[in-house]
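Two complexes are shown next, each including subunit A; its partner changes from subunit B in the first to subunit C in the second.
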Partner chain A sequence: MIAPLLQGFLDEFERLEAAMPGYEQAWLRQLRRDRLDAFVTSGLPGRREEAWKYTPLKGLEQRAFALPRGSALPPPLPPPLDAVRHRLVFVDGRFAPESSRLPADAEIEFLPLSEVFRNHDAAARFRIARLMGSGEDALDHLNAALATDGLLLRVPAGRSVREPVHLVYLGSKQSSGRAWHLRGLIELEGGARLRIVEHFYDGGEEAELSSVINEIQLAADAELELVRFQDMGARSILLSRTRLQVEARGRLRITAIDRGGELVRSEWLTTLRGREAHGDIAGVARLRGRQHADQVVEVRHLERDTSAEVRFRGVAEDQSRAVFTGTLHVAPGASGAETRLSSRNLLLSPQAEVDTRPVLEIHHDEVVAAHGATVGQLDPEALFYLRSRGFSETMARAILIGAFLEEISIRLPEPRFAEWVSSRMGLDHPLPWGGEKT
Partner chain B sequence: MSNREIHDRLARRYEHGFETAIETDIVPPGLDESVIRLISEKKEEPEWLTEWRLKAYRHWLSMEEPRWAKLRIEPIDYQAISYYAAPQQKKRPRSLEEVDPKLLQTFERLGVPLHERARLAGVAVDAVFDSVSVATTFKEELAAAGVIFCSFSEAVREHPELVRKYLGTVVPYTDNFFAALNSAVFSDGSFVYVPKGVRCPLELSTYFRINARDTGQFERTLIICEEGAYVSYLEGCTAPMRDENQLHAAVVELIALDEAEIKYSTVQNWYPGDEEGRGGIYNFVTKRGDCRGRRSRISWTQVETGSAITWKYPSCILRGEESSGEFHSVALTHHRQQADTGTKMIHIGKRTRSKIVSKGISAGHGQNTYRGLVRVLPTAEGARNHTQCDSLLIGSHCGAHTFPYIEVRNPTAIVEHEATTSRISEEQLFYCRSRGIDEENAVALIVDGFCRQVFKELPMEFAIEAKKLLELSLEGAVG
Partner chain C sequence: MLEIVDLHVSVGGTPILKGLDLRVPRGEVHAIMGPNGAGKSTLAYVLAGKEGYERTRGDIRWDGKDLLSLAPEQRAIAGIFLAFQYPVEIPGVNNAYFLRTAVNLKRKARGEPELDAVEFLRAARERLRLIGSDDGLLQRGLNEGFSGGEKKRNEILQMLMLEPELAILDETDSGLDIDALRLVASGVNALRSPERAFLVITHYQRLLEHIVPDRVHVLAEGRIVASGGPDLAQRLEREGYGWLAERRRASEALG
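For the complex of A and B:
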């Protein structure tokens, strides 16, 4: 018998297919059906699949989710987001033009994927067919079959966009058990520069499943800084995958904060394709309650003199589980590659768990490659010192956790966002992601 | 150096590649229940052991070959292997004098001290030729101390109660595909029992030799150290040069009770195949130590230079309070050799400690993978682990990979892992050469320095052998 989740998606697809944008395009119709078939055949990954060893999704197959219908009213944006100049808002997996803002002088080309699905020329068709066809595991299939929207963003050659673009992924939570999917493509042409701030949050505590797959391509000499702040609701499941391709001398800087959600998988799959391409990827998982976060980073060095630095910090309290897998891969011939990774973790409760897998795959000798991983707890002496200076236990722990994370948290670009992030985390003091909820 | 010379040196590289012409009692290839009964019968085994083998065989039939390792393995035809080969002897030798002189010569050529001169080395040796143990030295001396050191078959005959009590308690026959196969068809191996409070007066050593064609070697080793006892055990292995692959699937079980200590050292030099990757041994081994008692210690040291494919993870189950496990490894892959090796440290008891030092060297087209698991269970209050694994790459076609798995479920545990990858740099070589050391020797020197941390864990004779082996194995790697 077919699992409820698979059956549910099959039924929903049957009902809603004709209303999906681009249904009139035969190629797209076929592609969606093929990918849905492939998804139903493979099912969600289980424990025996190496990449999902610590985050098996088989159990999810017993639940069912409905696809969103109609357009939901977007909840009001929090004040710091309200004030930003460039923002693209997606609600329940659909572009929300009324909440979005992108002035014509932004020097960015943007189109919602749904629009391109309906109406495209041959060149655009090639681009989106590639986008929808990429990837080959269950998550890629599911997302390609059911994503009806997303973003297509392009920064033309040589342009440098000064104001960051905020991408807001929002679940309206107007009803329980919804599933939404988005797929996007961000292209930086030669020498272009862009800053992106991604926000994931939602308007309630209902159960929800979402998948977001984005491809990001940096042409030669392009520079991208991307910050993600993920603060989904306590019953949200988020499966996100970002594939990044960096050409010669391109520079990438990612800071990913995973703080919310019940079950979150965030993948950063990076390929350094051109000489001297550079990737700097850092992240934090700050988990409480029964949260489970699985952060995956992969850096593939294909060319000479490419370099990468990966730093992740995990803090697991209560019954939470922080999982990290970081793979550094150096291809044959990638002389002069330099690649480093560190995964440091604080395990703060007897019921919590930390699993970390730093992997090196080195196929060339002229390289510098190193990784390190630690799992430990707060230094009792430092804690004692702070207590002896009159800090409460809670405050002392908050200070030490804040210090542990500071190496990553100082990377957040704008102070007002850093503050807002702290407030979203329910902190009543300025230390980012430090303390207990009050 | 001319091409011819290089060729000659490479061809000489595997010194133990000769074959001994000796009459062999060999069971025809193929595996079914009757073969297992036949092996059991030949070895005059009790009924319970035959049944145990059959249970393992039936379980094996239900299993699939594992595929998760980072290895390229030609399919193995389990029906083409002969599961039992023994040098033919009229009757069981009572002393060394009765052993076939040809066999003794073989071990002589291998440099295994079976004779009196071994006394000087202070090593008691059990020699396993194909599937059976041919000679064990210094039995009387050991017996005086109360230590039992004999072949596994002998232990089954003489000490069935001990074998029955401990066999399969560390590696059950259900454990994995190759352990199940071994449990069904194992032919011989060594058995060591050190009673309470005894410090074994000699280093114990087993020498394994695969000689016959189309055979697999499936030995089984069981070492038990009672309260407060200590033993140091060494094993070495070689095989003739052949173009086809031969399977070696051994199981080693170590049991350490309260305050006991077992030191297990391996210098593995099975035939690695030629430069093109033809032939060589598939070394698929399950080794596991169980630190059952409080403050017990198990330490694995391995130098892996041979085998076409090495696939083994000597592990420690740290059950007893304050027990500790160590793993020291040098693994070298040259030409087309592949190795996927490492360890598992399972922390169960309070304040258990483990230390892992792994040194991987890849040259030619060799692929070398460290794969290790450190698991801290909620009961392991105050557990501590430190892992260091370094890789050295020689040449631009080889690969070095590191797959550590760290799973921590106790907030008082401290686990640290670090890994680096480097190569022999031009600067290092230039420095040595400017001091008048030729390239070959310079490489040997640098590699020796890289491995020092592991070599110092080996008993002296083995450390020298290991160093020599590494130098031989690396000939032709640079230049």
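For the complex of A and C:
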């Protein structure tokens, strides 16, 4: 018998296929069907699959999720998004033009994927066929079969986009048990520069499943700074995967903050393809209640003199669970590669759990590689010191957690956004984010 | 007035203080001297409320209130301040932010208006001058990478800003050169007033040349074994602690 989740998606697909954008394109129709078949055949990964050991999805197969119908009213955007100039908003897996703004002078080419599905020339077809065909596990199949929208973004060669582009992924939570999927492609041509801030929010505590898969390509000398704040409800299930390709001398800087959910998986799969390509990937998991976050970073050094620095900090309270897997892979021939990884964690309750796995796969001798992982508690001496100066225990703990996260949190771009993030994380203490100057 | 009556304290099941009696009225500076391991730091920590220090008998009262029933932060708000012997480093917490928050927590509790950043900086600068430091200390992480002397000065700066009613200085003189010692002492002297009580814990008489105490007590083996005026400190400096032990043995032999 086929599991309820798979059957549910099959039935939904049956009902909604003809309304999917690009249905009239035979090649796309076929691609979607093939990938749905592949998904049903493979099923969701279970505990036995090493990559999903701490976040088995098998249990989800007993639940069913409906695809969104009609267009939902977007939930209100959080205050830091009010004043931003460049904002692309997706609600329940669909581009929401009325909530988005991208002035013509932004010097960015943007199209919603749904539009390109319907109407494309041969070159565009090649691009999106590759995008929809990439990846080969259950998540890639599911997402490719059911994603009906997403973004296609391109920064032309040599352009430097000053204002950050905010990508907002929202779940309307207008009814329980919805599932939405997005797929996207971001291309930085030679020497282009871009800053992206990704937001994952939703409008309530309903159960929801979402998947977001983005491919990001940095051509030679391109620079990307990407900040993510994932702040969804306690019953949200988010499976996100970002594949990054960096060509020669390209520079990548990622700061990913996860607050978790019923089950949140954030994957950053990075390939340093050209000489002297550089990746700096940092993240925070700040979990409370029963939240779960599984952060995955993979860096593949394919060329000489590539370098990477991976730093993640986890804070698990209550009955939450923080999982981190960092894999550094240096290919044969990648001489002069430098690669470093650190995972430091605070385990703040006996019922919380931290699982951290640093993995080094080094296939070349002349490289510098280092990794370290720690799990600890708040320093009781520091707590006492703060309390002896009049700070309540709650305040003292928040301050010490903030201090622990500081080296990552100072990377957050604007004070307003940083303050918002720190308040959402229960730190009631703006310092490590904005750096108060008196 | 601080009143300690028959105080017994154990740490990890080991008795450290064994029947300590002490009274420090407001307006007075009392020095506690004694050999290493006598229980001097234990006394300081018990007063400030550190976990793991178990009172097995006796009482501590501050203005008649039971001090031991208060959490450390409540004691701080009530006016108790401990200058730590080994202040902890907390990287990532800006010193100015920390100190301003601490000052404002106390002001708020007393119904006084909070200091804004400008008022705070003005007040802090005044006090920094007194102890021979500048703003640099404020802009760094809390005690982060501070030298021994800087840490002690930072403790004194906090004391000057928080204006406690009972200040306990735990070996604030250790590791200070003579110039730093003088500046620290001038900080303490600036705060002396009829409303304030000081408990100055030290191993050496040196600090007491600059902070002249009203009373000197000798703490040994968990008890106050001798009390006197400032001249007691001088005798201890000359003769060490040996004569006290001899005197005690003699008095015990007499029954």
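In the analysis below, the second predicted complex is superposed on the first by the 422 of 438 C-alpha atoms of A that agree within 3 Å, B and C clash if a C-alpha of one lies under 4 Å from a C-alpha of the other, contacts with A are read in each partner's own complex, and residues count from 1 in each chain.
The rule we apply is simple: a residue touches a chain if its C-beta (ideal position, glycine included) is under 8 Å from a C-beta of that chain, and two chains touch if they have at least 3 such contacts.
These numbers were taken from a predicted model, which means no experiment stands behind them.
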Going by the contact rule set out at the top, does A:Y385 touch subunit B (first), subunit C (second), both, or neither?
second
In the overlay, answer first, second, both or neither for which of subunit B and subunit C A:E407 touches.
second
Just checking: does A:E393 make contact with subunit B only, subunit C only, both, or neither of them? Give me first, second, both or neither.
second
Just to be sure I read the superposition right, which of the two partners does A:E361 touch: subunit B = first, subunit C = second, or both, or neither?
first
Between subunit B and subunit C, more extensive residue contact with subunit A
B
First (subunit B), second (subunit C), both or neither: which does A:L146 touch?
neither
Is A:L67 contacted by the first partner subunit B, the second partner subunit C, both or neither?
neither
Kindly classify A:L194 by the partners it touches after superposition: subunit B alone (first), subunit C alone (second), both, or neither?
neither
Now for A:A370: first (subunit B), second (subunit C), both, or neither, which partner does it touch?
first
Contacts for A:L348 in the overlay, against subunit B (first) and subunit C (second): which applies, first, second, both or neither?
first
Of all the subunit A residues, which ones make contact with subunit B and with subunit C?
none
Under the touch definition given earlier, write down the residues of subunit B that touch subunit A in their complex.
68, 376, 378, 391, 393-423
Quick check on the complex: what are the subunit A residues that touch subunit B?
50, 332-333, 335, 345, 347-350, 352-377
As the complex stands, subunit A meets subunit C at residues 379-382, 384-393, 399-400, 402-407, 431-432, 435-436, 438
Once bound in the complex, which stretches of subunit C touch subunit A?
48-51, 71-73, 75-77, 81-82, 84, 87-88, 90-94, 96-98, 100-102, 105-106, 109, 117, 120-121, 138, 158, 162
